[in-house]
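Notes follow once the structure below has been shown.
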Amino acid sequence: MLSKKSILDANSLSLEDIKLILSNADSFLEISRRDVKKVPTLRGKTVINLFFEPSTRTRTSFEIAAKRLSADIINFSPLDSSLKKGESIIDTIKTILSMKVDLIVIRHSDSGTVRMVDGFVNIPVINAGDGKHQHPTQALLDLYTIKKRFGKFEGLKAAIVGDFLNSRVARSNMNLFEKMGMDVTVVSPTMFLPEDFSGMKVKHCIDDVIEDADIIYILRMQFERQDRKFYPSVMEYNRFLGLDMERLKRMKPGSIVMHPGPVNRGIEITDEVMDTSGKLAEKIVIEEQVTFGVAVRMAILYLILG
Amino acid sequence: MNKNERKNVLVKSGRIIDPEKGKEFISDIYIKEGILAEMRENIKAKGKELTEIDAKGCIVCPGFVDMHVHLRDPGFEDEETIESGALSAVKGGITTVACMPNTNPPIDSESMVKYILEKSQRAACKVLPVAAMTRGLKGTDITDMGLLAEAGAVGFSDDGRCISDSRLMYEVMRYSTQFGLPLVLHEEDCYVSGGGLVNEGCYSAMLGLDGISSLSDDVIIARDIILAGRSRAKIHITHVSTRGGVEMIKKAREGGLDITCDVTPHHLFFNDSYLASFNTNLKVKPPIRSEEDRLALIEGVKGGVIDAIASDHAPHLDTEKNTTFRLAEFGTIGLETLFSAAFSKLCREEKISLLKLISLITTSPAKILGIDAGKIEVGKTANIAVIDTEAEEEIKREDFVSKSKNSAFIGQKLWGKVICTISGGELVYINK
Amino acid sequence: MIEKAHILNEDDIDRVVRRISHEILERNKGPESLVFIGIQKRGVPLADRIAKNIEKFEGTEIKAGKLDITFYRDDIGHNIKPNARITDISFDIEGKNVILVDDVLYTGRTVRAALDAIIDFGRPRSIQLVVLIDRGHRELPIRADYVGKNLPTSITESVEVKLKETDGLDRVTVVEKG
């Protein structure tokens, strides 16, 4: 069992909890490979997917995970409901609680909202991404992916490439990677770094890490977002931070490329790399991350509700 | 003169001024196929196609580096082009210029940087591009600074304009630290300067001209010093014009900040009393300021606060200057008078050493831009200016080589005449 | 825990396994259509031993798989759960006679969970249950087809099975839960 009922952020996960989740994920991976992808473990439990921010991948991943465990899962997206009419978050939560649900999976665009909700309810809460703050289940599935590929964490060199400052994935991943003994370097231009980054290993160009890293973790880059307005252009991004074939070829044997998805083709990764086949394609584990994501989320739901 | 005659030159008996080594000595210089082959006394060189220059009584220094020049190319070719600007430069003994990006289109893209560098290959002197900090110099979107640096920009500037969004300025500074290039900052608070035309002071009041207070420079210099301290960017304050500016830069440097600055010859030469003539050639930005400010700049040079002298060569058509003071464009040309104006004021009048002056227009600006220039080195391509410091002449409009003739120094008598200039190993200018 | 009685030793277990192997063959009229599934954790080595015996007797390959029933338990939420072990049933059970093997039959809940799991893998022709020890106290209508030894016990007692593959030695003892 997990030491805490809720999963709010990556840095408060204990080493034991992390190991428990990862070891259980193996069993759930096996279930996903069967013909009948269902076990009755969480039959009769009700889970709410409370997504205030749109998401297809994470929401679907939790949905599949819950259903494979025979739990009932309801998708509640306040975009298309009374929240638009001005119902406050707390009222929404109260409504949900009165329906006697067993667990809330929540994603919100404001950092810290998940903690606020957790303080308000007495059922478990799982953070599916709050603003720029944390995305702990993503970090866990990323760890699991690394475990399946390398069998260990200690001493592995990971480079997190992209907008570090505004990325909840980057934050959660850095927490967990370092906790498990990995050596993390952030590759980011100054506008995407905190003012004082003296406590982190930082580089500004992907070429500085590409030949040395075991894991190149590419973050999403969306130029339309307001907080990205200081970055000059896509061309500048391609030149200093983008993953193209030339850089892929220089990566060391056994190294992998990860991405939380969906990939903005032509921005952080070129079409050529995304469509490549053969030996080099084995380096790109993006699809595996999604598969493992269901298994890890099944393990999490099981360990919290089981 | 054919190519060989230009590339094989014997400069005899000049007084070599080498600011890098801090030495002055009499010597001959033999330039063979463009390379400074020998430097010693009594060189006996022979050759059918050899040009001899008699430099007796003259000084021989490294070709000058003017780090703030507007060449108006592309977009305003009537005023100046890279070719005409280079010819104007070598007449002033200048062999390297850094040109500002407020052209049309501006130098805010890789292709524009390459355009300048390409034209530089065929120009009489070396022309190095300073790229824009923001797109179109609009002060809202940062340029592809990484790509521009890789393409060959020697620095970044929005000169002519000033970024008023402090957050943006800060992000520009932070980003610039990734590339190690200096930010050449034109410090002007547009809200303070408003529609001002001259220095705000008793003269502006007397002449009935709207003033630009020295606050305009000082407020932004103060801001940028704070931002540079936090971001650790390399900043260069260009055309310093105020006492306050000099004081703040001095203090900041003592505090360990990587900050440099330059002044123009016209700011060292004139004060705002000269504006009584309503001479539009004295209408410049930042404006010619009070005598108190001018003296502070002189002290700044003497005390080592001022690192370089740069002309801020700003060509304008007659039509743009021959109009009411309010409507006239800001700016004066300055390539051809860079040395003579600075020499006349600083050396002859203020008794600053020649070695010091030469360093302010050779080794020091070269160091700020991180370029290999401003030196006299045996075995390297020759860049030399030969100057008769005893010659005095009146500055006349007709004598200018620049396409534009808007010089603040017309009518002034200046000392120091360039005898010849060797740029990129070739004799590109010789005074007939 | 106090050891109360020594029930089976290595030789005893060996004889029991051999006898059961023959019984299975007799009842199913041969080895065709037989597949073995051992319940984690000690049902697994037992299933392997029986399957190997039959392979030796009949000269045909017998498939054996492993089943972990953690996710099918009916006491979810009531107990601290151990880590799930691996489930590996890489063969088709459709139309086969599945021989389900466990070490101890007690309340019958483990076997009920195993039946649910097996049905998720396909539709066998039959499921037959082998247990090493039947200790009584059924709470569900479950019975074994093949029993190593019937061992009436009290609820305060616990049957401890040790096998070479999992514990380093073969032994069955009854202990008093202390």
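Residue numbering begins at 1 within each chain, and the chains themselves are lettered A, B and C in the order written.
Here is the rule we use: contacts are C-beta pairs under 8 Å (C-beta built on N, C-alpha and C of every residue); 3 or more make two chains touch, one makes a residue touch a chain.
Note that the structure is a prediction, hence the values are computed from the model and not measured.
K.L.:
Are the chains arranged, by touching, as a line, ring, star, complete graph, or other?
P.N.:
line
K.L.:
Chain with the smallest distance from its CA centroid to the overall CA centroid?
P.N.:
A
K.L.:
Can you compute the centre-to-centre distance for subunit A and subunit C, using the mean CA position of each chain? Integer Å is fine.
P.N.:
Their C-alpha centroids are separated by 41 Å.
K.L.:
List the centre-to-centre spacing of subunit B and subunit C in whole Å, with centres computed as mean CA coordinates.
P.N.:
93
K.L.:
Please report how many Å separate the Cα centroid of subunit A from that of subunit B, as a whole number.
P.N.:
Chain centres of subunit A and subunit B, defined by C-alpha means, are spaced 54 Å apart.
K.L.:
Tell me, which residues of subunit B touch at least two other chains?
P.N.:
In subunit B, nothing touches at least two other chains.
K.L.:
In the complex formed with subunit B, which residues of subunit A make contact?
P.N.:
189-191, 195, 204, 229-233, 235-236, 239-240
K.L.:
Which bits of subunit A are touching subunit C when the two form their complex?
P.N.:
Per the stated touch rule, the residues are 1, 20, 23-24, 26-27, 30-31, 34-36, 38-42, 69, 302, 305-306.
K.L.:
Which residues of subunit B touch subunit A in their complex?
P.N.:
141-147, 150, 168, 171, 174-175, 177-178, 230-231
K.L.:
Residues of subunit C touching subunit A in their complex?
P.N.:
Per the stated touch rule, the residues are 68, 70-73, 76-77, 80-81, 83-88, 116-117, 120-122.
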